[in-house]
Amino acid sequence: MQLGLIGLGKMGGNMRERIRRAGHTVIGYDRNPEVSDVKSLAELVEKLDAPRHVWVMVPAGTATQTVIDELGDLLEPGDTVIDGGNSRWTDDEKHAAALGIKGIGFVDAGVSGGVWGLENGYALMVGGDKQHVEPLKPIFEALKPEGPYGYVHAGRVGAGHFSKMVHNGIEYAMMQAYAEGWELLEKVHSVENVREVFRSWQEGTVIRSWLLDLAVNALDEDEHLEKLRGYAEDSGEGRWTVEAAIDNAVPLPAITASLFARFASRQDDSPQMKMIAALRNQFGGHAVEKKD
Amino acid sequence: MQLGLIGLGKMGGNMRERIRRAGHTVIGYDRNPEVSDVKSLAELVEKLDAPRHVWVMVPAGTATQTVIDELGDLLEPGDTVIDGGNSRWTDDEKHAAALGIKGIGFVDAGVSGGVWGLENGYALMVGGDKQHVEPLKPIFEALKPEGPYGYVHAGRVGAGHFSKMVHNGIEYAMMQAYAEGWELLEKVHSVENVREVFRSWQEGTVIRSWLLDLAVNALDEDEHLEKLRGYAEDSGEGRWTVEAAIDNAVPLPAITASLFARFASRQDDSPQMKMIAALRNQFGGHAVEKKD
Amino acid sequence: MQLGLIGLGKMGGNMRERIRRAGHTVIGYDRNPEVSDVKSLAELVEKLDAPRHVWVMVPAGTATQTVIDELGDLLEPGDTVIDGGNSRWTDDEKHAAALGIKGIGFVDAGVSGGVWGLENGYALMVGGDKQHVEPLKPIFEALKPEGPYGYVHAGRVGAGHFSKMVHNGIEYAMMQAYAEGWELLEKVHSVENVREVFRSWQEGTVIRSWLLDLAVNALDEDEHLEKLRGYAEDSGEGRWTVEAAIDNAVPLPAITASLFARFASRQDDSPQMKMIAALRNQFGGHAVEKKD
Amino acid sequence: MQLGLIGLGKMGGNMRERIRRAGHTVIGYDRNPEVSDVKSLAELVEKLDAPRHVWVMVPAGTATQTVIDELGDLLEPGDTVIDGGNSRWTDDEKHAAALGIKGIGFVDAGVSGGVWGLENGYALMVGGDKQHVEPLKPIFEALKPEGPYGYVHAGRVGAGHFSKMVHNGIEYAMMQAYAEGWELLEKVHSVENVREVFRSWQEGTVIRSWLLDLAVNALDEDEHLEKLRGYAEDSGEGRWTVEAAIDNAVPLPAITASLFARFASRQDDSPQMKMIAALRNQFGGHAVEKKD
């Protein structure tokens, strides 16, 4: 089948390749003319037969909003827009409503797979009405990993991004779990081969996982991670997971602790610990460390 | 080779079977005469050729202490005791010292694999001197999963149990990660197929793992876990992990949160939340819920 | 001076009384005619001399929005609206902008004091432009406790509610601190007089505070809090504090833990701990507790 | 009455002064001859009339153990030792048993008050048998603050130190509460006078406390705490509180978070966050920050 694909960066570019390998026609658009198949969104829309399917794969927020607004003007009733970016699930309903007024369908797709997706396939979590989701099945089949897993129609509009967001929240806490264990093992003297302990865990243990395999890869490149700083960005979905938990009065202590650990990692000096130091000094005369 | 194996319960019984399948001779002892090969520890020791290797697989704490004390009296210089139970790493040095005085070697082995070990093999984390560990290689080979993983000589005496303890600490936080994500997904209305979302994650995602596979198994048996109470025991190793972290001034927020969540799950009513309710009532006249 | 006061519930009613005691004229409006001085907002506005000052003291959210919208229609350029409710700080800018178009000033005031305010005074945290805040000084003086504390012009529009929100976030964690300590003391056998331990802390300790005094009051009424359930509501400001922290990438582990403990206290059974129980059963054959 | 007092440092020296001001006789011993009243423990014991009361005020651990061992040899049946240091509660039973064999009584006293104690009095939490505690009442009266608070006979041997330990655990979380709130206020732009917000809270608010007063003092000295590093030591009692919680399966999320925040504040670079950075790089190609 035909697909329009907007955004041909690290993710979108590989997705175009994987869908084409499955025998489908992809017309890709990117602001970078070197990778783009067409010169404009208008040209992309023109080249597709109706009913059109246009997959948006650009950064969440303003960029996605702008593209969806433009598509709302260019597309026709019966066409469908798929948002495959990392949009906040609360944006999905707004997009579905705005496009719906014009008779254009909307599907949200959470996509996991990172740099490994071209080879292994992309896991897809999809939200939307059945009538909009079903016709896209050949594309989802092309993108997903082989075998019975890696694709789910999770529910209504928003359910795809919500599921992907929770996936990332879980990912935060799993990474934190390995990271905490690694730091503790590196700290004690009796354990002399922490990297080999991690490697041994790859089979037969309760904690074997793909993330553990990646941890071993990282330790093979740099046994004590001496080349790295303990500095971790966060991409938004961990924050949204905690916000969704607050909205729903669900306690998420491990995921939230993982998010906060990243926040703290980016502070050169911790303001709150200055206050702790100041208070200890006030009541107990405890020494404080002065700035140079 | 020959091995004495003390403790033939859920773990020990299956381990005897797996070692025998590999062609070794195992003489097992258990207080339960129905499963025991010999009538006493003395008989077990008598039946083994020197230098003897005796693997202790009984509950951590008093039971392990008692068996090791008895073996200290029965064994001879050049023999080796392996503690494969879930002992606290701090006990290992004591055991090694007490046996060492008598010329008996000591090796600690953390064993992972649970009820799946007979089939898939047991992951082994081993601590001890090379001279005591090396001769046991054929036994470790028999127990471990096939392939390059599942066995490590982690370091000195204590390193095996310490590594296994950290493994369990990581396990706590990974389980908590999936559990938090599952609760949040079950709570929101847009996501209509939480079980299928979990199933889809088994391929192509960052969070695929053996624990995730088990979660899907559990949801296949009881889609919303309605038959279960939200009640979780803890077996000691999570506690020790946090204690080790405190000893070493290592922050473990996610693992500790996971342990505390289990503590709270076992309280019919939370004393600390009574105090919160009482204080809210005191300063704000907020309503409190009375006991019936 | 003259003040219009809308909302004469637990808080507003006492505030009217305290302002009147200071010699000012308060015209109060409430939907409940038994406590109201006038029959409608229109009548309230009519009875005030320009420039008017109208203090809104109704529940945050829809109720506050409705009243402010109505006041926008009734008031005149040069008048000022004060929102003294527990509004989210993000609403303040919207209100200030909507009223500002009409030449009406807006001031946000976080008010603390609860049922003790009539007697002790209300602590006030105020946000807004100096030109709108200054003329209200006599009212703030009347409401605040005697002495040098209890009033601050915290900053721009929104700063009052933001400061009050953070006050409440701190309050959550302080209450949690005492609650955790109390539970631990109640649990150990050597400490036989937990209530008296708390009482003794009221002087000479680092942790003496008004909340501690209230805890002792509560324990005097019910030594082991046996009449209460461990169930705690939350009023929104704790949630907003965590959301503000996430927006600003500030780690708030203690305040967030306090919020999550309240969420958990309201669950009859914990879904996430069902998943933990299910996983433990899957990999280790550990017993689970079934629902009856 | 007469008291022997061992250890005349910051705490002990001021306590000697306060007890003397109340009209009692204190014979003090310190290794530093400039502040000591006698040349040796033996001389101190010799100068006291039987039954003797000897208060030990030296660092917890080895120093306290050594002094108590020596007193066990020097004192006579009927005498009493008071440990006023910050000993772990688990040491108290050992000390009571060792002295008890010799007919010497033992009382444990948790002492709070820091550098302010000489002026304001010391809060005392005492554990031990009534027969040993009662005769010491005049000393406790001299040390404690005036008024009805500041002294409690908390329970059996160990209850004094346990109560003091929990006091310090609560203190950790209260300090963390103010510190988190302060950091958040400093971060947002609308709040222009964070120090004045804190000052205003000193009356009429739910969170007024002595620690808040100290926070204001600290901010008066250095409004944004720019002279300090965000580095906080911990003195042992926070760690023991968490360990006691683990022993008793009591969840202490806020206190533990406060302890972990201090651990993290002392790390130049976080090993666990290196692992997070490494994993993000492995699966997503996310950039990492390299060490220079």
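A, B, C and D label the chains in the order they appear, each numbered from 1.
Note that contacts are C-beta pairs under 8 Å (C-beta built on N, C-alpha and C of every residue); 3 or more make two chains touch, one makes a residue touch a chain.
Values in this document were obtained by computation on a predicted structure and should not be read as measured data.
The minimum number of touch steps separating chain B from chain D is 1. Chain centres were defined as the mean of their Cα atoms; on that basis the chain farthest from chain B turns out to be C. Note: centroid distance chain A to chain D, computed from Cα atoms, is 47 Å. A separation of 33 Å divides the Cα centre of chain A from that of chain B.
If you average the Cα atoms of chain A and of chain C, the two centres end up 37 Å apart. Within chain C, the positions touching two or more other chains are listed as 114, 176, 178, 180, 183, 187, 206, 211, 250-253, 257, 260-261, 264, 272, 283. Looking at the complex, you find that chain C touches chain D at residues 89, 112-114, 117, 120-125, 127, 144-145, 147, 149-159, 162-163, 166-174, 176-178, 180-181, 183-185, 187-193, 196-197, 199-212, 241, 244-245, 248, 250-255, 257-258, 260-261.
Interface of chain C with chain B (complex): residues 10, 114-116, 175-176, 178-180, 182-183, 186-187, 211, 214-215, 217-219, 222, 225-233, 253, 261-262, 264-265, 267, 269-286, 288-291. Partner chain B is touched in their complex by these residues of chain D: 206, 239, 242-243, 246, 249-253, 256-257, 259-261, 263-264, 266, 272, 283.
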